[in-house]
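When the chains are written out, they are named A, B, C and D in that same order, and each has its own residue count from 1.
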Amino acid sequence: MLRETHLNGLLMLALLIVPLAALALNEPFIITLATKVTILALAGVGLNLALGQGGLISFGHAIFFGLGGYSMGILASHAQSFTPLMEVPFLIEGTKLMPVIWIVAIAVSCLAALLVGLLSLRTSGVYFIMVTLAFGQMFYYFAISWPAYGGEDGLVIFVRNEFPGLNTLVPIQFFGLCFAVLCAVLFFVSKLNKSAFGLALSGAHFNAERAETVGIDITRVRLVAFVISAGITGLAGALFADLNRFVSPTMFSWHTSGQIMIFIILGGVARLYGPIAGAAVYIILEHYLGAFSDYWQIYLGLILLFVVLFAQGGLIGGLSKREAAHD
Amino acid sequence: MSTILLIEQLLNGLQFGVMLFLMAAGLTLIFGVMGLINLAHGSLYMVGAFAAAGVAGLTGSFALALIASLAAAAMFGALIELTVIRRLYKRDHLDQVLATFALILVFSEGTRWAFGSFPLFLNIPDMLSGTVMLPGGIEYSLYRLTIIGIGLLVAAGLFLLISKTRVGMRIRAGENDREMISALGVDISVLYTLVFALGAALAGLSGALVGAIQSVEVGMGEPVLILAFVVIVIGGIGSIKGALAGAILVGVTDTMGRTLLPVIFGSFMDPSAATSVGSALASMLIYILMAGVLVFKPTGLFGEA
Amino acid sequence: MTEPILTVRDVHKAFGALKASDGISLDLKPGEIHALIGPNGAGKSTLIKQIAGGLTPDRGTVHFEGREISGDTVYERARLGLGRTFQISALAMQFTVLENVVLGLVGESGSVFRFFRPVMKNPAYLERAHHALKRVGLQDHAQTKTAELSHGQRRQLEVAVALTLEPKAFLMDEPMAGLGAEGSKALTGFLRELKAEAPILLVEHDMDAVFALADRISVLVYGKIIATGSVAEIRANPEVRAAYLGHEEVEA
Amino acid sequence: MTFKGIVKLGCGALGTAAAVMALATAAISEGHGGDVKIGMITTLTGGGAGLGIDIRDGFMLAVEQSGKDNIEVFVEDDQRKPEIAVQLADKLIQSEQVDIMTGIVWSNLALAVIPSATAQGKIYISPNAGPTQLAGKGCHANYFNVAWQNDNLHEAAGAYTNSAGLSNTFILAPNYPAGQDALTGFKRMYEGELAGEIYTKLGQTDYAAEIAQIRASGADSVFFFLPGGMGISFLKQYADSGIDLPVVGPAFSFDQGILQAVGEAALGVKNTSQWSKDIDNAANAAFVETFEAKYGRLPSLYASQGFDAANLIISAMGKADISDQDAFRAALLEADFDSVRGDFEFGNNQHPIQDIYVREVIQEGDIFTNKIVSTGLSDHQDIYAAECAL
């Protein structure tokens, strides 16, 4: 058994070493898989802030994942066809520059989260779960039937977007970029968790009445957490779209929301590095169980059930038990 | 649009609402009594439809098929309650959501494994096929009228069960105070299994009823599950009355939106674009309705604060 | 006469046919402990919620320091200086003792939206938190998980959190509940000290504590205050004896 | 950005080819010794799995019958999710280094995968989807479609509606790109009036409201495109509504895989298809017989397309080595194989020029199936071919 901090370190190291080894062994697809893990983990880290730290069980984070994806898709498709996004009241051009796309993805996701959050946070508990789920469906149907950007067909971006100084078409370079983004976000979130805001957010989660009676406006705290969380997930959405060079309404579907939640549960709720372990295990299962049986989702379902019922704390919790006991 | 068509569409909305009610009733009952959010409810709906299709295929009897749907869904309901669900009552909603999400995967792929990947056949019984003339010259499907009838009967039955019978009293007590009811000496775990099986049976029944006029296929429970969520959020979670009101509201709004919005847009737009934009908006209408209700009543129309 | 810090005027609140508050008026003056007693179901909790926030009266007003607060939210009232403790400990059980106290300080100082500075290393907070813990006698338990505290210790922590708010008035809902004789006695002494800092509206079942502490007592029965007065006056009031005390003595 | 970079972007897909060709040629130039690696991405789980399974089974049957041991097929399940399909394509190209790809059922998945696969120098043979975008300006030397261009069956339905003397039809389809294309395709050939035009919600299961509108519209016929479960639901409800107007649709809602689920409700319905099990030629008779013997069910349209896709590849293997891609493409373009649908040739955009039949749903014993009643369009080519620069 390991201390949780050591385990986290090992996890990040593994995530870094595997694609490098794959590069050496000329297995480029493993690099793609590792990139996928990195990006989905990022989405999970975003959701975990709301769900783990804040206790806000959002079943609608696919909204932000999808908005991030479409931010990339729309900007890049306009750049690709040299048509401006809009000319009135002022000119907005498409772009192929990742940093700009990221900022837009984060901004759009945060704005949507503000609106969705304002309405959803009037409710709590099961209502919140269902309301966020229903908002997700609303975006999903909108994306499918809105013809301007491909509807159900989605948008294909032929060349991956650019990042100054890198050739993002080279898998290992794109992986490195995603890994760096993940590290930066992990640093940001770990700071956030330890700040006054993080304490207030957990306080509002563990005992809302208490937090209110000490003068904390818990709705505002939750709204801010929801918005930050959405911004991170939106950023992950933009990267995911770039990984596939493609966006479609599937990114908005409720299965996507469920999947991001699964990463968190598999890894361990409210553990900062949980989504990384969870996403890695999920992708490995999907990849290898899929080859093993047409009905692999039965096994996935059973594994998930087992984790939820008997292995609370997820992988990281399970592997670092001793530390918790010594605490 | 003529008045007759408008009335017929209202009737369609009512019928759609009643079908949603059958789904939503079980969901809201299970939540009200056990505090459990059950995503696998849609899977039980699918189980009901497949059981009905299987039995109808073997025996040719629709009545037996309905009984089979009730029995199979109740049985699978009781089975998952005993093995999985009862471990979740004291857990938070997150664990409930994920465990029941996992059950969806198991049920969907398990059904595909057992029945194959192709849709099954289940038809309306001859006795109920065809149409009848309603007063005012509306030609309406007899089967759909029957669904409205069965749905309203189930609603009435549930109200009676909960307000008049001993079991109902226990259910109401369970809703308010689990500790008290176990102090009364009622075996709460048996009660919970029964309530869960009842909710499952309702889902199975609606799956079978709907299966006769829709496609019996893997994954059929998911869209209706989400609609049922919208229904109980609008109606107020845990309230049967709310589920009925919410279901009819959603049914009518959706149906009228689908028919009227393209017409409205058509009055000032090119017809092709109008149908496209109108339909896009119509597909989001019930979610907009839900958002609207929540702005004014965050716990739904009949929900408790 | 000094101005009351908290004034409740003719508050009504009904749930269906049940009149939980039926024209209640009372006030809390600086430097006093005003005890509110009454049998179960008399409407004490409903009244507390209307004072602390969470329930809005159907009719009537609540004033705090001369300002009407009837429509304010719980956290707004807390920010004005209304410190509340709960009937059943309402603490974040997963937090350490120290974290619970610091949470109070974060709320009190209004510095919730600070995202980068580690809050548990803020020297100003730590100093105030340890001071508060020392006052209630929990200084050795700062790093203990709240869930591991004894019942009595949790009540002490409740008071410590309330202290960090530096409130202008305390609203205490059965602080003695579940404490042993020893614990009650210690807390009684502490509350007597505390009332010099801020007056206390005390809802309490423990009659010994009430009679030992209260400067004034109000008796609530079926949503109405049937008597207000000094300990001696209340003890002597025949109506109170009939409606409440006799009943209570039988039980005791 | 360099000037060169700007030019590349401007060329869109063509630019991509230039950008990644260097990588791709490295993979191709590895010696293969006549072995052909085929990557199949298709839908094997979840809704619509039946279609992918049929394509795979038809394809594998042809491979098996060819007796060739130098074909290696990698089958992957896309779960009907475009993102997964894209990643599987990356895997097949990067890890397995396949030469040819095939298998995708759905247009949206095809659009996500094919442009990038062909740009990376892979040959793609489409056994089902034929999106408009890839038939006209977006056509590609490496992209062959052995099924149809998406509009074809709908156009044939429009033509049939005219010839049946129907002139006031009511049309409906789901509100998504393929649905919009379907109605456009129908209207291209149809000459009568429209009694109504409705877009339904994708995945909708209750059509009471639409059926009421049809009843009130005074139409003389109905054309619909509702693939999968949507079509089953619509037909059952339509049959129950008592409306007695003739129904026309593309083969997708009347195919072997789902007819049993629709039952009598489908009897007599006219549908358009380039294949039917009663097309009278030796290849087809053998295909139907061997498929049924091997898998215990009648083949579907999709199975026939999978079978033809494999035979097309096998025919080219007899003429050229895969390592000489130009020669291999030329061999494919000749389409020198016995298609189960009879005459088959490629147009300039490498989409089929073929007859499209009108079928009627009939009952044979307990089995519901189709029989050909007439030819809807002869030697039909899609209209986008003219825009293709190939």
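What we mean here is this: a residue touches a chain if its C-beta (ideal position, glycine included) is under 8 Å from a C-beta of that chain, and two chains touch if they have at least 3 such contacts.
This one's a predicted model, so the numbers in the text were calculated from it and none came from an experiment.
Peer 1: Quick one: which chain's Cα centre is the longest way from subunit D's?
Peer 2: Following the centroid criterion, the farthest chain would be C.
Peer 1: B-D versus A-C: which has more C-beta pairs touching?
Peer 2: B-D
Peer 1: Can you check how far apart subunit A and subunit C are, centre to centre, with Cα atoms defining each centre and the answer in Å?
Peer 2: Computed value for the inter-centroid distance: 43 Å.
Peer 1: Which whole number of Å gives the spacing of the CA centres of subunit A and subunit D?
Peer 2: The mean C-alpha positions of subunit A and subunit D differ by 35 Å.
Peer 1: Per the centroid of Cα atoms for each chain, what is the distance between subunit C and subunit D, given in Å?
Peer 2: Those two chain centres are 73 Å apart.
Peer 1: I need the residues of subunit D touching at least two other chains; which ones are they?
Peer 2: 45, 175, 180, 199, 201
Peer 1: Please list all residues of subunit C that touch 2 or more other chains.
Peer 2: Residues: none.
Peer 1: Residue numbers in subunit A touching 2 or more other chains?
Peer 2: Where subunit A meets two or more other chains at a single residue, that happens at 141, 144-145, 147, 295-297.
Peer 1: Using the touch rule from the top of the page, what pairs of chains touch, sorted by label?
Peer 2: Contact pairs between chains: A-B, A-C, A-D, B-D.
Peer 1: If we count contacts the way the header does, which residues on subunit A are in touch with subunit B in the complex?
Peer 2: Those in contact with subunit B are residues 51, 57, 59, 119-120, 122-123, 125-127, 129-131, 133-135, 137-138, 141-142, 144-147, 254, 258, 261-262, 265, 269, 295-298, 300-302, 304-305, 308-309, 312.
Peer 1: Under the touch definition given earlier, write down the residues of subunit B that touch subunit A in their complex.
Peer 2: Interface residues on the subunit B side: 31, 37, 84, 87-88, 92-95, 97-99, 101-106, 108-110, 112-113, 226, 229-230, 232-233, 237, 276, 279-280, 283-284, 287-288, 290-291, 294-295, 298-300.
Peer 1: Can you tell me which positions in subunit A touch subunit D when the two form their complex?
Peer 2: For this pair, the touching residues of subunit A are 27-30, 32, 36, 79-82, 96, 141, 144-145, 147, 150-154, 156, 158-159, 162, 169, 171, 240, 244-246, 248, 250-251, 290, 294-297.
Peer 1: Once bound in the complex, which stretches of subunit B touch subunit D?
Peer 2: 1-2, 4-5, 8-9, 12-13, 15-16, 19, 108-109, 112, 116-121, 123-124, 129-131, 139, 141, 143-144, 210, 212-220, 223-224, 255, 258-259, 262, 271-272, 275-276, 278-280, 282-283
Peer 1: Can you name the residues of subunit D that touch subunit B in the complex?
Peer 2: 45-47, 49-50, 53, 175, 180, 197-201, 203, 205-206, 208-210, 212-213, 215-216, 228-233, 236-237, 240-242, 257-258, 260-265
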